[in-house]
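In the two complexes that follow, chain A is the common piece, with chain B as its partner first and chain C second.
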Partner chain A sequence: MSGARVAWAVLRKDLLLDLRSRDRAGHMGVFAFLVVALLSITLPESPEAAGAWVPALLWILLLLTSILGLARSFAAESEAGAVATLAGVACDRGWVFLGKAGANLIALLALQLWVAVLAAVFLDVRWEAAGWRAAAVGALGALGLASVGTLLAALSVSVRAREFLLPVLLFPLVLPVLVICARLTAESLGGDPTPGLWWGVLGLYDWVFVLIGYFVFDHVLED
Partner chain B sequence: MRPGALSVPAVEIRGVEKRYGALLALRDLSFELDQASFTLAAGPNGAGKSTLLRILATLTRPTRGEVRLFGKNAFGREAAELRGRIGYLGAEPGLYGELTVLENLLFAAELRGVGRERIEWLLSELRIESVAEQRVRTLSLGYRKRAGLARALLGAPDLLLLDEPWTGLDAEAASGLTRFLSRRLEAGTTLVLASHAPRDPGDLFGGVLSLDAGRLQSLDASRATPAERP
Partner chain C sequence: MVSLFVGGAVLAVSGWLVWLSRGREHRGHSVAGLLALAALLLWAWMVAFHAPVERAQGLVQKIFYVHVPCVIPAYLGFGLTALAGIGFLRSRNESWDRLAAASAEVGVVFCSLILATGPIWAKPVWGHWWVWDLRLTSTLVLWFIYLAYLLLRGFAFGSDTARTFTAVYGIVGTAAIPFVYFAVDLARGDTLHPSNPAREGLPAAMSETLGAGMVAFVLVFGFLTARRLAAARLESDLLEASERSPVG
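Our next item is the complex of A and B:
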């Protein structure tokens, strides 16, 4: 049985469910809009002062908004007893993790695009100044959030208070991603050089958590 | 059924214990079930029937003890291969409410590497063709159960595990299910059902595995021998 085929099937199924229900995208989109609108009112008017705060605030916003989506990423399975369907795959269950994480990654990239548009409109963020570096930071940050978030969402699927458990576990684990991404985004927007070390650490973090997710998912899907 | 000696038991359980925190769901369980046999796991609520089925489906790892399916360690290196030989239907049908029956089965077929012709055969065999294009959340419990059974049967399993399969079915659907299971048994599938209220006693079941408070009370070994093949 081809694992890649299983991962692709899980990814397509999750995206189809997202398109059908629109719960996740709707909640995440509205929440992001409200927070950016609030920031546009409360941030200092001086571009320098706002510029110093915006990258960190945007990454905190992305983290908080992603919680809404990640907490729902196993909702369909837990409501219908379909965890057993996923756990019954005739291949390594790590491929199921890759499919779920892939679907979450696509959802987070779509969210980032939406937040980038909102930031440009409401906070006057000039993404064109950051160029490809902002897109690369976004992609690597989304991969980190998706891999850790998918793993923790699966871990907390059978827990009664999963809405509380997920952020409590997720925040400390993604702190390195948040710090590095905020710093790289600020440097990209300011046109400053971005040290290769941070790119390397971010890439390594993503790689490590994708591997951890792949290898421990076999146990995670069991009771 | 795969070629190979029927002498290898379909299920071997040795000293299995399952603990959920302070709750001991299964205690020192040991038994064997032959291939192509039909066994009822009976007992009151909380006896451990569902936990036993989940362990046999490799969905729940026992706290202690050994589980072998068709001679292989159910939680070892060959677990993925074994999962391809197991069909499991739990208390929930394991289907996505926002997808149609057909979409659910196509998804499950992709997870199992099964072709579309098998889906069409199952839709016809379980008489759910008429609801194939309907979303699962709009279906009655009986149809959901049959669609869930179709999902469990997709991989033509050698070991079929069904948890309370008659629950929610009307009399006609229940006897249809019983007839269907008889045919699966004739085809060589090993069947293990958990039920506290089976619709068809005696005639159908090869063996009765009686559980109470996680303990094996009795296994009617004389009836747990392989069913007669046509």
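Our next item is the complex of A and C:
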């Protein structure tokens, strides 16, 4: 089977599982809803004061929620004892990584849409002013989270205490994504202008970690 | 001249450690220990008597001779961890894994020293224990990354899979460091932290003391890592022996 078909099969399988069981999506959606509700209650009422914090808070919320999904992203395989089957594909195992990361990317994009709606309703965020820039930041940020997150989820799946370990492994590594995305989102919502270089660094981060994931996954899925 | 000595010490120590990790013999530990001790004594003498007391900051400036030299063994440790990780993934030779473990642990010790000594200096000079500035934040994140690395090691101990995972995390963590540095730089803008070029203008006695500290700390790093390597070798021998003849 060609690599692209393997990646597509893995991606399709993961998304189908998500659609049919709705476990992962349900948990993530409810969790995000709860946190946005908490934010809207606890943030100060004056819109200027709250507005300065909202982009950073939303990105932290996305990171926390993504942990819930990422931690489960190899659960189906490991519970069914099918990790070895995945490892036995007749192509470069990097393609399995691309499929898994693709499924996580789509899940994260759906989560972002949901959070954007929640933020518009409860936190008064005006996305129509932000336009395509906010969407582009979201996509690039989701790609960074999905690539690093998928790789680390695969690392921590066979380790004990993985629920505890995954955030500890992930947070320091995705700090650049979080910092840059929060600033760019703030800019798109009318905050301080940011240099164009930031977009380049964000894109480079995504590119580097997709490549690293592709190449080291061969070792990760070995057994 | 100072950087020549420091560079030489770094190269010699990393070469020695790689050589040690490959072989079965543990030669040269006592020589390395004595060298490190002598260098430490010389450095301590220079800090106390050779380097002048700085006019504006007073005695507290002397912590600079502890703080700055720690940076080299910390980065050396993390660099060796990533290199040994690549070596392990390529060759599957356990000796690379032991080198990665030993240098990460000792690197974290020096990184902790950087983080501990910085605030002691910053409180009287800046008026704050901690500011969210480029150098401080990126060093803290680096420390978090290697702490996570050691946690992963602790949770996944012994198997070949565990070695692979830690090697991968070591490589991924090192790849993230430039991005962390860049992101924090972009986000925080101006830095309060004294920059490297400021060191060029140091009086000779100060830069000599600093250089002596760097060489001494690199030697201490080499000695500690070598001891840790020997302990790791004993651990794996013990594991093998207990697998061969299980008790009970």
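In this section, the second predicted complex is superposed on the first by the 218 of 223 C-alpha atoms of A that agree within 3 Å, B and C clash if a C-alpha of one lies under 4 Å from a C-alpha of the other, contacts with A are read in each partner's own complex, and residues count from 1 in each chain.
As a working rule, a residue touches a chain if its C-beta (ideal position, glycine included) is under 8 Å from a C-beta of that chain, and two chains touch if they have at least 3 such contacts.
Quick caveat: nothing in here was measured; it's all calculated off a predicted structure.
In the superposition on chain A, no contact is made by A:119 with either chain B or chain C. Look at A:216: by the touch rule set out above, it reaches chain C but stays clear of chain B. Once the two complexes are laid over each other on the shared chain, residue contacts for A:16 go to chain B alone; chain C is not touched.
Looking at the shared chain after the overlay, A:108 reaches neither chain B nor chain C. By the touch criterion defined above, A:32 lies against neither chain B nor chain C after alignment on the C-alpha atoms of chain A.
By the touch criterion defined above, A:88 lies against chain B but remains apart from chain C after alignment on the C-alpha atoms of chain A. Of the two partner chains placed by superposition, only chain B is touched by A:6; chain C is not. For the contact definition in use here, the residues of chain A common to its chain B contact set and its chain C contact set are 219, 222-223.
Taken in their complex, chain B has these residues touching chain A: 20, 54, 57-61, 79-81, 83-84, 86, 88, 90-99, 103, 107-108, 110-113, 136, 151, 155. Contacts from chain A toward chain B in the complex involve residues 1-2, 5-6, 9-10, 13, 16-17, 20-21, 76, 79-82, 84-93, 218-219, 221-223. Interface of chain A with chain C (complex): residues 148, 151-152, 155-156, 158-161, 165, 168-169, 171-173, 175-176, 179-180, 183, 194-195, 197-198, 201, 204-205, 208-209, 212, 216, 219-220, 222-223. For chain C in complex with chain A, the residues that touch the partner chain are 89, 141, 144-145, 147-148, 151-152, 155-156, 160-162, 164-165, 167-169, 171-173, 175-176, 179-180, 182-184, 186-187.
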